[in-house]
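Shared between the two complexes below is subunit A, which pairs with subunit B and subunit C, respectively.
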Partner chain A sequence: MNTLLEVKDLNVSFQGNENETVNAVSGLSFFIREKEILALVGETGCGKSAVAHAVVRLLPSESRVMGTIKFGGKNLLELSEKEMSGLRGKEISIIFQNPSLALNPVYSIEHQLAEPLRIHGQKMKKKVKKTEGKKENNALSKVVKALESMGFSNPHECMRYYPSWCSGGMNQRFLIAASNMLDPVLLIADEPSKGLDRSRVAELENELKGLKERSGTSMLLISHDLSFVRRLADRIAVMYAGEIVELAEPKQFFEKPFHPYALGLLKSLPENGFIPIPGSSPSLSSLPEGCRFHPRCSFKEKRCMQEHPELKESKGRAVRCFLWA
Partner chain B sequence: MRYEAGATFEGNTLKTVSGTMREVVRKTLRYATSFLLIISLNFALPRLMPGDPVKNLIGEDVYVSEAVMEELRIEMGLNRPLYEQFTAYIGDLLRFNLGYSYHLHSPVAEVLRERIGWTLLFVGVSIFLGAALGTLLGAYAGWKPETKANRLICYGFIALSCTPPYFLALICLDIFAFELGLFPFKGFYDVPTPGSVMYHMFLPVTVMALFSASRNFLIMRGSVIQEKGQLYALYARAKGLYDISILFRHVIKNASLPIITLLALDFGFLFSGALFTEIVFSLNGMGTLIYDAIIGKDYPVLQGSFLVIALAVLLANMLADLLYAIADPRVRRPT
Partner chain C sequence: MGLIAKNLARTYRTGLWKEKCIFRGVTFELKSGKTFGLMGPSGEGKSTLGRIVAGLEKPTEGTVCFNGKPLSGMKKAEYAAFRRSVQMMFQDPTEAFNPRKRIEQSIFEVLNLLKTPETEHALRTKKMLETVGLSEELLFRYPSQLSGGQLQRLALGRILLLEPEYIVLDEPTSALDVSVQAQVLHLLKRVQAEQKIGYLLISHDEAVVHFMADSYGIIKNGQLNITDA
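Then we have the complex of A and B:
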């Protein structure tokens, strides 16, 4: 299968307080194939969301982004803001972490769901003015369809709602529907299961799976919920302190994780004994020398404290550890 | 699995309908109470003031003999018990009878009707222009606060908002009317044709509109700066909008909500502010009427003006309440 998105040597840094530099992401490389779901997992603050926002170029202007992000043959980092806005919402969509805040409180659900159609349909509108009335109907039926596919049995009523009238779970669905209005080629989902109860997570899973099958959408799925990721992802990338430490298929990963951090993550799951990883992740403004995980690693050797390990690849699997040979 | 999204509401439909009704009743009651309080105060004030109520009601500067005073006392019903006086007063109000001005030799209601039109025109146009200018410039200044032009405009409006309108009026009058002779420095006592009205109104409206704009500008600027950092603005960008279209399509509606409240407040504020500006420009409105009434101790006119202004402010607040519920779904409940 063809590669859809290729990220190479991505570095994201922010200017922190007192002139210190926060390296949110360093030297990150990965790719996503067509119709593939790549999951990015890791602790809070390891740079997952920074990657998501860097790909759609939604990071604040004071951040520094370097490297290349190739999408459909174009380097996204070299596009102008106008060219980028032509891609956003149409070919690359993003679902934010906090759905109730991502929806505009003063516009109805219908207005917000139909908006991507209005934004990206403008050029067509000028050419065919006569069919405008018909177009509105088209937009309406598309909104109804999108709501139905998100599991709402009363779409016409839902359209009149406002975000503040709805629960977080409902808003989550509205947001997913809005992001998928134009069948994007790539969907970036930033913690879509956050704040949902178990039964809703299962529904969300089905919806994302359905989306992949129906529209062939590739996904960059960002989550810290390992069991959610296990059932959805084609490949899993584990991030720690701004870099990928292990990349594997779910089966390999859950059966035999290699990196000590990945091992620790799995052990911390309730079904595996609920054993937490000792210590806490390092501050992104003062990273430890050598391997970034060594202060918390129980397998560390002398070399781990001095040299920074590279990501080594073999047989579709990659690990950043000296102990993996 | 399918589920009913509206389940949360549907079970409560009856409750929410009665909830909305209760809200309407509660608001109506609140405004009715304020209204009652205003007219009661208006009734009580001349009777509570030191001195003879007859003198207080006809005005101190009117000279009348003792015999006429007694005649008036009986005519006004001031010799009757208080509750009878109050019901008579309410009855008079319902017939739009606000008393008689012995200074102007005319019923107060008629005097007010003549004058209030000019003030409403003056204040209305000023508020409208001020709101339009202030919100638009404020929105743009908040969207790009770092540019030099926007900073300069911001300093200008801060200075304006700190200047009392009558002072600004005096300066404008001095420069444009006395020095340059571009505009008249007296109100219109000739036949009010549209051209003449515009010619006479230009300076006072400019002063009041600028003052009103400065308040709107500062609120809107701060509001936009706050709202553009919200997640929905970023999501608007993620949908494919860019630059100024995010401001106009998403941020501005949220940011202008405080303006609705400000407009209602402005209405009362400008009414009182207009008083001084009207005096400076000798406009034939409520301001000069009240001023003359104070100087001449013409209490019936003052009482009538007080009632009318209080009612106008009350109405403006009611309108703002209503507008707010329409504009912001968060204060409205699903029906």
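Then we have the complex of A and C:
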């Protein structure tokens, strides 16, 4: 399969409150093939969302982004804002993490779900002037279909709702429906299962799988729900303190994780008794010398405290650890 | 005596002549040192129920009784004591702190409300940080400089300064990744064992509820069904 998205040596940094530099993402490289789901997992604050926002170019203007993000042969970081707007919502869509901030409180759900159709359907409107009424009906039926696919049994009633009338889980499902309206080529899903109960997560899983099968959509799936990731992802990249520490297929990752952080993540799963990793992740403005995980690692050696390990690849997986040879 | 929810119902207006009842006849009791888990599909009113129990919202029908007295008939001082004794911890810790203030200022604000003498601020804050397992260095940072796990620990620490009898935990770990979730759950259990606090744990995650709760209820189609864990 061809590569759809290729991120090379991506660095994202911000100016912190004390004028210090916050290195949210450091030298990150990965690719996503056509019809592939790459999951990005890791601790809160490790830079997962910064990667997602860098790809859709929605980072704050004061942030510094370096490296290349190639999508369909073009470097997204070199496109004009107009060119980027043409891609956003149509070819590259994003499900934002916080539905209460991502939905506009003053517009109805119908208005917000139909927005991508309105923005990207303007050309179509000129061409099919005579059938405008029919086109409107098509848009409406698309909204209804999108709501039904998200498990809403009363889509016509839901369309009248405003975000403040709905629970966090319902708003999350509205956001997911909105992002899939135009069957994007690449979907970036930032914690799509957050706040959803088990049955809704299963529905979401089916919808995302269906989107991949039906429309060939590739996905960058950001989630801290490892069982959700296990069922959906073709490959898993584990991030820690702004960099990838392990990249593997789900079977390899869940059966034999190599990086000590990945091992700790699996131990803290409910089925393994919620055993926590001691300590907390470092501040991205004052990263430790050597391996970034060494202060919390129970396997550390002298070398881990002095040298920064590279991400080494072998047999379809990659690990950033001196202990992995 | 405990914190008792009796026959609670909540109805919302969805139009000029339309109303929607999200739950009815909900009754349960929170006991000291015990956890009652509340599960159910999204949109069934779990968070609304939590807010009603914490006194942040009023029910359409029914009452919440704290130490034998219904909230609706409480005098001002009694209600103030209730609000201090029943605290709520929210899902997203990043929204629990003022982004413009250092953590130290957000903590001292609570101590000022409690009329704690300024000379005791440092000591009480140090004790609180020890309880939640954080270093003093974090006090001088802004919320944006801390991780979700650190902020959720601080949110719990700030609540503990009020010495609550009950805490409504509304999806306290759903914004956290699995390793941080494990840390926060263990911390909540330890604090409960030490201080005999009663928890109402709202979560859609069965594993979390089974790990934490002594009994739990599932709210579905507006009804609550209670089971012993």
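One rule holds in what follows: the second predicted complex is superposed on the first by the 322 of 325 C-alpha atoms of A that agree within 3 Å, B and C clash if a C-alpha of one lies under 4 Å from a C-alpha of the other, contacts with A are read in each partner's own complex, and residues count from 1 in each chain.
The rule is short, and it goes like this: a contact is a pair of C-beta atoms (placed from the backbone, for glycine too) under 8 Å apart; a residue touches a chain by one contact, two chains touch by 3 or more.
For clarity, every value in this text was computed on a predicted model and none was experimentally measured.
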(request) Identify the partner contact of A:R33: answer first if only subunit B is touched, second if only subunit C is, both if each is, neither if none is. (result) neither
(message) With both complexes superposed on chain A, which partner does A:K300 reach: first (subunit B), second (subunit C), both or neither?
(response) neither
(request) Would you check which partner chain A:K70 touches, where first means subunit B only, second means subunit C only, and both and neither mean what they say? (result) neither
(request) May I ask you to decide whether A:N98 touches subunit B, subunit C, both, or neither, giving the answer as first, second, both or neither? (result) both
(request) Considering only the touch criterion stated at the top, classify A:R317 as touching first (subunit B), second (subunit C), both, or neither. (result) neither
(request) Quick one: classify A:I275 as touching subunit B (first), subunit C (second), both or neither. (result) second
(request) Could you say whether A:T44 touches subunit B, subunit C, both of them, or neither, answering first, second, both or neither? (result) second
(message) Between subunit B and subunit C, whom does A:H308 touch in the aligned arrangement: first, second, both, or neither?
(response) neither
(message) For A:W165, using the defined touch cut-off, is the partner it touches subunit B, subunit C, both, or neither? Pick first, second, both or neither.
(response) both
(message) Identify the residues of subunit A that lie in both the subunit B contact region and the subunit C contact region.
(response) 98, 165-167, 170
(message) Which stretch or stretches of subunit A touch subunit B in the complex?
(response) 56, 58, 81-82, 84-90, 93-94, 96, 98, 101-108, 115-116, 119-120, 151-154, 157-158, 161-162, 164-167, 170, 175, 178-179, 203
(message) Going by the contact rule set out above, which residues of subunit A touch subunit C in the complex?
(response) 16-17, 22, 41-45, 98, 165-170, 172-173, 194-200, 224, 226, 264-265, 268-271, 274-277, 280-281, 283, 285
(message) Quick check on the complex: what are the subunit B residues that touch subunit A?
(response) 1-6, 8-9, 230-232, 234-243, 249-250, 253-254, 257, 327-330, 333-334
(message) List the residues on subunit C that touch subunit A in their complex, please.
(response) 12, 14, 39-45, 47, 91-92, 141-142, 144-150, 171, 174-183, 185-186, 204-208, 211
